[in-house]
Structure formats: structure tokens, C-alpha cells
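You will see subunit A twice below: alongside subunit B first, and alongside subunit C after that.
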Partner chain A sequence: MTAAAGAYAPAPPRRPRRTPRRGGGREMFLLMLPALVPVLVFSVGPLLYGIFLAFTDARSGRNAETSFVGLANFGDLLTDGDFWTSFRIGMIWGISVTVLQFLASLGLALLLDRDLRLRGLARVLALVPWAMPPVVIGLMWRLVYHPNAGILNAVLRDAGLLGHNVDWLNDFAIALPAVIVVGVWTGMPQTTVVLLAGLQNVPRELYEAGQVDGAGTWRRFWNITLPQLRPVIVAITSLDFVWNINQFGLVYVLTQGGPGGRTRLPMLFAYEEAFRFGFFGYASTLGVAIVIVVLAVLGLYLWRQMREAN
Partner chain B sequence: MRRALSYLALLGYLVFLAFPLIWLLSTALKTPQEMASLDPAWLPRRPTLANFADAFAEQDLVGSALRSLVVATASAVITVVLALPAAYALARHRGAVNRIAIGWVLVSQVFPVILIIIPLFMVLRRFDLVNTLPGLTFVHVTFTLPFALWMLQGYVRAVPRELEEAAAVDGAAKATSIVKIVAPLLAPGVVATLLFAFISSWNEFLFALVVLKDPDIATLPLTLVKFTGAEGVVRLGPLAAASLLATIPSLVFFAAIQRRLKSGLMAGAVKG
Partner chain C sequence: MRRRTALAAAATAVAALIAGCGGGGGDGGAAPGEPVTLKFLSLAWQKESISANKQLVDEWNTANPDIQVEYVQGSWDNVNDQLVTSFEAGDPPDVIHDDSPALAGFASRGYLLDLSGRLPAELKNDIPQAAWDTVTFDDGRGGTGVYGVPFLQESQVVIANKKLLDAAKVRIPTPADPWTWDEFAEISKKLTKDGTYGVAWPMKSPVNKVLNLALNFGGTFFSNEGGKTTVKVGPQEREVLQRIHDQLYRDKTADPSALGMGTADPLPGFYAGKYALLPAGVYLRQQVVEQAPDGFEWITLPPLKGTTSEQGATSQTLSVPADGRHPDEAVKFISFFLNGPNQAKLARGDWLLPTSRAAAGDPSMTTEENGWDVATASAGNLVVAPYLKVNGFDEWKSKVATPTLQEYFADKISLDDAARRLVEEGDKVLERYAR
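So, the complex of A and B:
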């Protein structure tokens, strides 16, 4: 859902540059009150409370006593084998989906930027996954992967690549890659649209100059397109990574975390801890841990990108 | 040669993007007998709409669609009513508050929902709103508000301040200039934000899963997922049909905004 929030919105128009102006403070404050109060009370407040819960032993029971336990949950987390398994799966999922999404979308954006027939069709098709509810995407791919009635097995059998039907989403070794493919399919539209917009903003003169200097297609791509795209690439891959690591609905619908926990992303793990077993405090700790990891990964990534850009 | 390769690559993308969609459509149009066949065919031999009728009859699809409609409409309207005054203030008054608000929108994207849903669940429980549609509406409003605020303040900024100043010079009161001048220009942005909030709520799954325990008040995504629980092969047809129906609102929304997506407003957003 977090992913969806960013994904579905049409971009607001660009703001005209304008000198800031002050004054009317009191009036403005009164105007902001009706929105700031709900944001503070229902959005900032719960989040801070959620972070606080990470340091308590809160349980789901209505009358359960809650007490402050300091860093005990974090200690438990570090020695919890299930958490580490889930964490590893989450990192494999988050990084591979983000990287594959980026590569696939860059290829598609480069093609769409060229004057090819069928381009219109490809553009429409590239937007469709964006327009589908995540639950429906999950269900649709379950139909594709279905062991008996699914099209994937039928096609592969007809092509002679498979001797027997594979149960894609229930096979210990294949489930995670299968789910990753769905993740890539789902996230391609946003990434493609953003990269395409970036490509169209690369000044054409640069390519002309490159051509004059005798640079081939590959060199022009490597020395002009990529460096020009860099800020866009950094922004969209960072966002994709955050969205992917926080993914829940898609994988829940596909596998519910199975088989044997092989696709149990951290958010599915946290959901189970909180709403199946009732460990509210521990689940919050998991959430906080994921935030720390995401911020660390992003920080490192952005820092390296900035250093290279300079 | 190079051109041929490009077309080959484009074809590959088209296949990858389209084949799950074709399969969903095809499954929705197949008869139960055909679904049970051990050698599934790409296209239905005798296309039928019976699955759509079954979907309506079997699972409480109409009821859950209506509940989704109520929740999505209510949360969209409440979100915009709450966000509009603040969006105006944020756009017209630059300063620390503005930066903090924008920062909050970004921060709320990074935090996993689990950190928000647990406290919200505890709040709902205290007010006996678990298992109620108002409870879910409340959660959806909470969740959509930051982003709606950000969208709306972008639209307000696009309305030239000079128009308001001119009105003020002509002696119009602040309220008059907002109602008569800003509001009409802002209407498309408000509609876009309403649609965005509506679609977010209509598609939302995790909060609904947590808040609505009682199957009798499930929203559409929950009912769809429940479909798969008792999954015989024969039931896949109605499931596909129901999934297609559930996608219609989002498709309409995207058809409405797709020109804007293409025309590079996105580029503007990225370039900042």
C-alpha cells in the first residue's frame, strides 16, 4: 500500500519559481489546523507510538499489561533464526526485484524512446500493471502458475522444455524466483515511465556531438545517456527498493509466505507475529529493524552515488 | 539488422507484459469443463459469460463491492476535505512548516505499514471500531492523507498568485477570491486527488485484512482472496471473472489520467 500511494498519483504540476513570502501567519495557521491536526494525531502519532511499542512487550489481548522492556526485543530478534531467514529472503527479494526492474525498464524505455512500430501498444501495455489492484495481480499470476490449469506449464510442455507439471509457487527452490518475476512485472510501469521521461530530457545536441566525434551507439549510451540519466536512476531505484522491501499484499496473495516460509518477506513475518500470534511489541521491533536496514542501505547507496557523481 | 533486433526485443516485452493479462481474460471466458481439461488452451473454445454470473451468485461479490464503494468514497471525500485547507496554506506560505510537511510525506513512504497498523489497530479497538466500515475508512484516511496533501499543494502552486492579488486589488475579500478564483482553477486537481484517494482505498488489502475480521463485512480485495481458499480448478473461472470486474475502477482512472502520465508531467516531477 505504501508503494501504491506513490505509484497511483498523477504528478502534480510543476511549481513556478517564486520568491517566498511571509506574513498572514495566524490565518495560515488556522487554515492548516484542520489538516495538521489529523496528520499529527493519526499519522505522526501512531508512527511514534509504533516505534515506542518496539521497546515494550505489548500483546494483542485487550487487557494485556504492557511494560517497557528496553532493548530486549532487539536482543530476541538478533537470536531469532526465523527472523534471519525472513530477513535474508527479504534482502534477496528487495535487491533482485529492484535490479531486474531497473534493467528491464531501462531496456523498455530505450525501445519506447525510439521510432518503432507497435510503440503505442507497448506504451499502453506497460501502464496496465500499474492500473491493476495488487490483489488482482497476485490472483492473475496464480492462474498463470497453476500446476494443472496454468498456461506456463502448458506452454513449456508443448515446447518440450518440461516433462511434467511444475507447481511453481509450492516448490521450495522455485517459489521465490517465481514470486520475484511477478514483482518485476508489477513494478515495471512506474520505473519505465520515469526512465522514459528522463531519456526524453537528455539534450539531443549531446548525441549529435557524440556522433560528430565518432562515438558508436554503445559509447554514446555509456558516456552520454547513462551519466545524464543518473539522478533519475538513483531516485527511482531508491524508491523501488523501499517499496519492494515493504511489499505485503502481492506476496501474501501469491503464497502467503510459503512453501515452508521460503517466500516469507519481513512484512509477512511481522504481520504473522502481530496478528496471528499477537506479539505487537515484537512485530514493531521488526518494523523498526527494517527501517534501520533500509535507511542504511539507501544511505550507503546514495553516498556512493554522490561521491561518484562528483 | 539492428532494427530487427530492436523489434525482437520489443516483441519480447510485449509478450511478457501481455500474456498474464490474456490468460486472465481467457480463463474468465472458459467453461468449467474446459478448465478441467488437462491440456489448457490459450483461447476458450466456446467463450461463455457464465463465470461472471457465477461470480456474482456465489461469493458475496456485489455486497463486498458495495462496501468497498462506500469505504472508498467516504475516505476520498474526508481525505480531500481535511487536506484542502492545509494544502492551500502550505502552497502559499513557504517556510519551516512546509518543509516539514513535505518531509513527512517522504518519511511516511519509508516506514513499513506494520509500524502504523498496530497502533491504529489499538486505537480502533479502544473505540470499538474494529470490524466496522467506519474503522476501515478512518484507517484509509489516515494513510492517504500525507500524499493527498502533497498532491493538492502542488496543484495550488500551479494557480498563479497574481490572480489572487489582482482580486485583492479590486477589493475582493480573501474568502471571495478563494471561492471565485482559486476554486475553479483547482477543480481538476481536486478531482485527481479524489480519484487517487478512492483508488488507494478500493485496492487496499493489508489494512482491510487486519481491521475486518468478520467475513460478512469484507471489502472486495478480501472477498477475492477468500475465493482462492476453496480452490478447485472449476472455481478459477469465476475467480478470474471477479478479478476483472474488480479492476474496472482502476482502469477507468488510468484511462482518464494516462495522457497526463505520458505528456511529461512526470518528467517535471522528477526534475523537480
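So, the complex of A and C:
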């Protein structure tokens, strides 16, 4: 992520100044302490504990004895069909939400970058979903999707597009796409804002030069806007991917992983393993595995982007 | 020197933080003479039921200044996650409202207090053994114990549109002479006409419904040999599955669009005359009474009969945690809360069946009004559901049985495929718990 963040804010090249003062480390440590302690206690500690649990057979229960089992959990994970199903769903979810989010947000950002009337108002409106907690969004969309009382069915039926009510969130085939739509909607504001900020940083002279050279709208977009936006795009899509693959609250409220596990994202799967079935160790293994996968996917993506950029 | 100060400061900060976290645990052990406060986690959700619960708590608090009970509202949706967390954290509520399927798992993990030997004889004798069986579980160390007091039970009845039944001139069944499944299928055919379906089977959560009804034909779904539990789907288990499927796709007497619905969702269609019969738990009567349009006539029909009318029963329960600070006081409160007259009040509030014999004899439980007589009589058909004793049932239900049955009822897989998945994938799940 640091690489992406660095690319995102291309600072003028400044030579890092060295401070060869000796003994400054100790004071610095003391000054950092108030900030460091909460990080250690609430963030690093639980993280290490979680990683440790992944190598044990920890289960819930007063009379449960925990023992070290090495890589056994990882072995079980590799042969667990339910995990792979859930993993596949997670990937479909993570990638499609990120891609759709990006495309929709780019469109919206281009629009908001224009000199529209009421542009200020439109920009504010585009931010509204950001202000809502995922649980509220989930509840709201559950009402939208409600088979009998939902506005979606009502509208589609009035328009004559639908003969009978569809139970969007309980249909085996439709549930995942329906949830993905909500995911896209939820994540659009931050993506839009970041892309809009990026757009406003594109030097106008480039467009003028392009126009003089006779480039049409499409050429200008393809050859000026996109390359200029590239660092921003790389940063926001990778951030979005991490956020999306780790999404929990939204889907938990919408479907609880149903129907029949069709929307059971990896995080929901891990939650169920731990708090419903009581296999803490195995659930931690799941968590660690997802971290590894996310890091691998991101690493590959960023590496390719960086290489192409160079 | 300076480094040591820094380390000491860090240690102090950490200690303070930890102390801060641990200190929020509540009042701790009360000194003698001081009133004890019990937290009562209640899952009542219907309006009448919440007020009945709160009224009983108030009554108790007035009569027992030494043992004060604090009503805490919980929800069925997430109670088990909440309880696991609070058990692990060591700060569970002192009196826990839950149901017997959940207790099985908690008991084997040692979270709950064995109540056998702690309950007063009066309460023990008022509740029949069949109900106690629904709360008797392995303790996870080779013994068994009683891990809750069962107080409300649910049976599956059929709620029917009276006008449509009369128009079709069908026989109205009685508890002594109920419809058989064959008769039910025939009558559903008669009732299916002019855009009306005979029956609606809401199967969003099909597992408990199917497993409870399967006992009509002796289907248990699990067998235990030599201490090892396996899933079994034989001819007896297939009966109810096949019959419901037939109604949907062969007879076309059941509305397929009701399949994805939760239990209460078909009600608007039921009032509108879209379906004549609605198999449902007895508690659904409450919503019919409250919401049905004026002039809508309905009756409660007794449970269907296969080879028997037996249905699998689970109970709502009150339990005491093993780590509780005031187990004796909690048992006292439960004994009061679940005595005969109070159970009648709770059953009326929730429109369910009381386990207490005294409560079942209460005139309000046997009146013909709103089908209470039929409902209360159906309690006689309840036997302990076999799946209650299966360790790992919850995971089997969530990962294997729910999707499989949903796909089967949606006609996406055949009965043979469904049976094979229930058994093969099911046995794999159960193996995890046998380790």
C-alpha cells in the first residue's frame, strides 16, 4: 500500500535529509509512546494473537483444551469445499464490485468535473451514501428489494417489465448480483471523490494542446485523462479491492450469507466458523489465508502497474 | 536509567488499560445483606409477550427486594453469537432465554449449569418428562445433565380459510380424527381452482419444519450406532419430502411462488384467498388475529397424520450459566417465572403451548376462541426431536441441509441427489464434532 500511496501523491523529488544527531532515538521513543501503546495493545496484539490461533485447534467452550497443531488447519482449509465455494464468491464479489465501482465512479467523476449547473449540489448528493453506516444501507436496500412491499418490484411491475414479484435476495441466481449492486452503490462516493480530485489535477494545458493537435473527445480522454489519472486509479482500485473483499456488515445485514450460502463471503464464513460453530482456530486460519491472498493479489497488481508505468 | 523509566511508563500504561478493560464487568459479588441483581436476557418479541414478561419481572421485583431482576432485551436473530461472546468473556446474563437446539451445543461446551437437583419438586413435576427430554444433553465429558427449564413449545398445525373449506364441502378434522397426509393431498386438489392454490408451503427455512414433520412417518434423519451419529435418509425420511414436492410439481396444488417465503410472508396472500391452507406453527395465529381483514373467517386444523401424528418438539428455555455469580437466586427466579399460572400468561403472550400441566388446564388455553383448544390438544403429539441430541446439527443445518432442501423444493435436484448430499456432506460435517 505504501507504494500506491506514494504514487497517489507524487511529491516533488526531495532528497531525504538525514539527521545524524545521536541519542535522539530515546526521546523520540518516549514521545511516540502515547501513540504507540494503543496501537500495540489494540492492533498489533490482537493481530499476533489471531495469527497464533491459526496454528492451534482452539474451540469455544469452558472445557476446551487448546493445543498447537501446526499447519493442520491450513491442510483442512485446502480440502474444504465450503471454503473454496466461499472463496470463489468472495473473488467474484471483490473483483466485480471493484470494477463496476470504478467504471461508474469514473463516469460520475467526469460528469461532476464538467461545468454543470448546480454542480455543487450534485457533488454533495454524490456523497450521501458515504454518510450512511453499512447496516443502515443494508436495511434500506432490504426494503428496496422486498418481494411484496419493495419499491423495485413495484416500479418494474408498473413499467410492465416484470410479470410477478421477484424475491431478489432469496433467489439462488439473483442474490449475489443483487448484493453486488448494493456494494457498488455503497462504495461509489469515495471512489468518485478521489477520481474527481485526480481529474482536477490534470493540467488544462494538456487538453488545449490536444485540441490544437486535433484530438477528439475520445482521444483526449484516452491519451490525456487516463494516463494522467493512472496513479490515482491504481491507488483507489487497490484500496477498493481490499475494502470490498473484507466487506462484512453490508452482506450480513442483507442476506446473512444466504440463500443456501450463495452470498457467503469469506469474512461471513470465518465469522460463522468462530461465533456460530465455535471453531476459533480454524476461523483464524481463514483470516490469515485471506490476508495472504489479498496481499498476493495486490502485490501482483501493483507490481504490474508500476512496471508498466515505468 | 531513562530507558527503564520509559519501559516502566509503558508497563504502567498497559496495566492501566488492561485494568480499565476488566473493570467494567458490573457489580461483582454483592456483600451479604445487599440486594443481588440478576440480568435476565429475554427474547420475547411480540408486543403482548414483552409486556407479559415485563409484568412478571415487576411482580417478582416487588415481592423480592433482595433479588432484583433486570430485564434485558435480546433478539432471536443474533442471540447465539451474543451468548458465545459473553460466555467466552466470562460475563454472561444470569438468566438466559433461548431454545433447546442452541442449548445442546452450549451444554457440551460446558457453558451452562446442570440444573438437575437444583429445581424444586413442584416445578419438576408440573412439566412432563417429554419436555424435560428436550433439555437433557451430554455435558461434553461423558455425563448428561438438565440444562434449562423448558416452558414454551411449538407444534405445526394448519391454518385454514373457513369459507373456502365450506365452499369445497370438505370434512373439518378434529384432534381425535385429524386429516391424514393422503386426505390432505386430496383436499388440496379440491381447493385448487380459480386462481386459488390449495396450500402454501413457505420454505425459506425448511430444515426444522421438514424434520419435525418427518416424524409423522417415523423419519428421524439421524441414527446413532456405537456412539457415532450419522445422517440417514431412508424411505421413512423421504415420505414428507416427496409429498410436499408432489404438491408443488405433480398435483400443482401448492403455490410455487410461496416457496422462498418465511413463515409469516404468505399471510397477505392467505387473507386475499390465494391459498386455502397454510401449514404453520401455532404462534402464527396471533398475526392472523391481529392482521386479518374484517369478516375473514379462519380456523386452526389439528396436525396431519402419517403413520402417527407425532411431531418433533423443541422448547424455549430458561437457563443459568455455569459461570454465573448467583446461580441459586437465578433458579429461584426461574421457579417463580415458570410456575403454572405464569406459564399460561407467557403462552398467551406468545401464542405458543405451555409445557406446564397446570397451565395447559387453564381455561384460556382450552377455549375454542382463536383455535386454542386445537393448539393445546396438539401438544399431546409432541415428542423430543431426534436432531436435538446431534452434536453439530447447527452446522449440518446451515451448510448442508438448508441449501439442499431449498434446491430440492425448487425442483433443481432430484430426491435421490438431495438424499445423497444430506448424507455424504452431512457425515463429513458431523465427523468434525466427533473428534
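Here, the second predicted complex is superposed on the first by the 278 of 310 C-alpha atoms of A that agree within 3 Å, B and C clash if a C-alpha of one lies under 4 Å from a C-alpha of the other, contacts with A are read in each partner's own complex, and residues count from 1 in each chain.
We adopt the following convention: a residue touches a chain if its C-beta (ideal position, glycine included) is under 8 Å from a C-beta of that chain, and two chains touch if they have at least 3 such contacts.
Remember, it's a predicted structure, so these values are computed and weren't measured experimentally.
Chemist: Mind working out whether A:Asn148 is in touch with subunit B, subunit C, both or neither, as first, second, both or neither?
Modeler: both
Chemist: Which holds for A:Val297: it touches subunit B only (first), subunit C only (second), both, or neither?
Modeler: The answer is neither, since A:Val297 touches no partner chain.
Chemist: Figure out whether A:Leu47 sits in contact with subunit B (first) or subunit C (second), or with both, or with neither.
Modeler: The answer is first: A:Leu47 touches subunit B but not subunit C.
Chemist: I'd like to know which partner A:Arg26 touches here: subunit B for first, subunit C for second, both or neither.
Modeler: second
Chemist: According to the contact criterion defined above, which of subunit B and subunit C contacts more residues of subunit A?
Modeler: Of the two chains, more subunit A residues are contacted by B.
Chemist: If you stack the two complexes on chain A, which partner ends up touching A:Leu286: first (subunit B), second (subunit C), both, or neither?
Modeler: Once the two structures are laid over each other on A, A:Leu286 reaches subunit B alone.
Chemist: Would you check which partner chain A:Val202 touches, where first means subunit B only, second means subunit C only, and both and neither mean what they say?
Modeler: So A:Val202 meets neither subunit B nor subunit C here.
Chemist: Please indicate which partner A:Arg62 is in contact with in the superposed arrangement: first for subunit B, second for subunit C, both, or neither.
Modeler: It touches subunit B and subunit C both.
Chemist: Counting only touches as set out at the top, which of subunit B and subunit C does A:Val136 meet: first, second, both, neither?
Modeler: first
Chemist: Contacts for A:Leu108 in the overlay, against subunit B (first) and subunit C (second): which applies, first, second, both or neither?
Modeler: first
Chemist: So subunit A touches subunit B in one structure and subunit C in the other; where do those two contact lists coincide?
Modeler: The answer is residues 29, 33-34, 38, 62, 148, 275 of subunit A.
Chemist: Give the list of subunit A residues in touch with subunit C in this complex.
Modeler: Going by the criterion above, the answer is residues 26, 29-30, 33-34, 37-38, 41, 59-64, 82, 147-148, 164-165, 167, 170-172, 258-261, 272, 275-279.
Chemist: Residue numbers of subunit C touching subunit A in their complex, please.
Modeler: Going by the criterion above, the answer is residues 2-3, 6, 9-10, 13-14, 17, 80-81, 84-85, 87-88, 105, 108-111, 140-141, 204, 257, 260-261, 265, 268, 322-323, 394-395, 398-399, 402-404, 406-407, 410, 412, 432.
Chemist: If you look only at subunit A, which of its residues touch subunit B in the complex?
Modeler: Counting only subunit A, the residues touching subunit B are 1-2, 4-6, 8-16, 18, 20-22, 24-25, 27-29, 31-36, 38-39, 42-47, 49-51, 53, 58, 62, 104, 107-108, 111, 114, 116-119, 121-136, 139-144, 146, 148-151, 154, 185, 188, 193-194, 197-198, 200-201, 217, 232, 235-236, 239, 242-243, 245-246, 248-249, 252-253, 266-267, 270-271, 274-275, 280, 283-284, 286-288, 290-291, 294-295.
Chemist: Mind pulling up the subunit B residues that touch subunit A in the complex?
Modeler: For this pair, the touching residues of subunit B are 2, 6-7, 9-10, 13-14, 16-21, 23-24, 27, 35-36, 38-42, 82-90, 92-95, 97, 101, 104, 108-120, 122-123, 125, 138, 141-147, 149-155, 157-158, 160-161, 174, 189, 192, 196, 199-200, 202-207, 209-210, 221, 224-225, 227-228, 233, 236, 239-240, 243-244, 246-247, 250-251, 253-254, 257-258, 260-262, 264-271.
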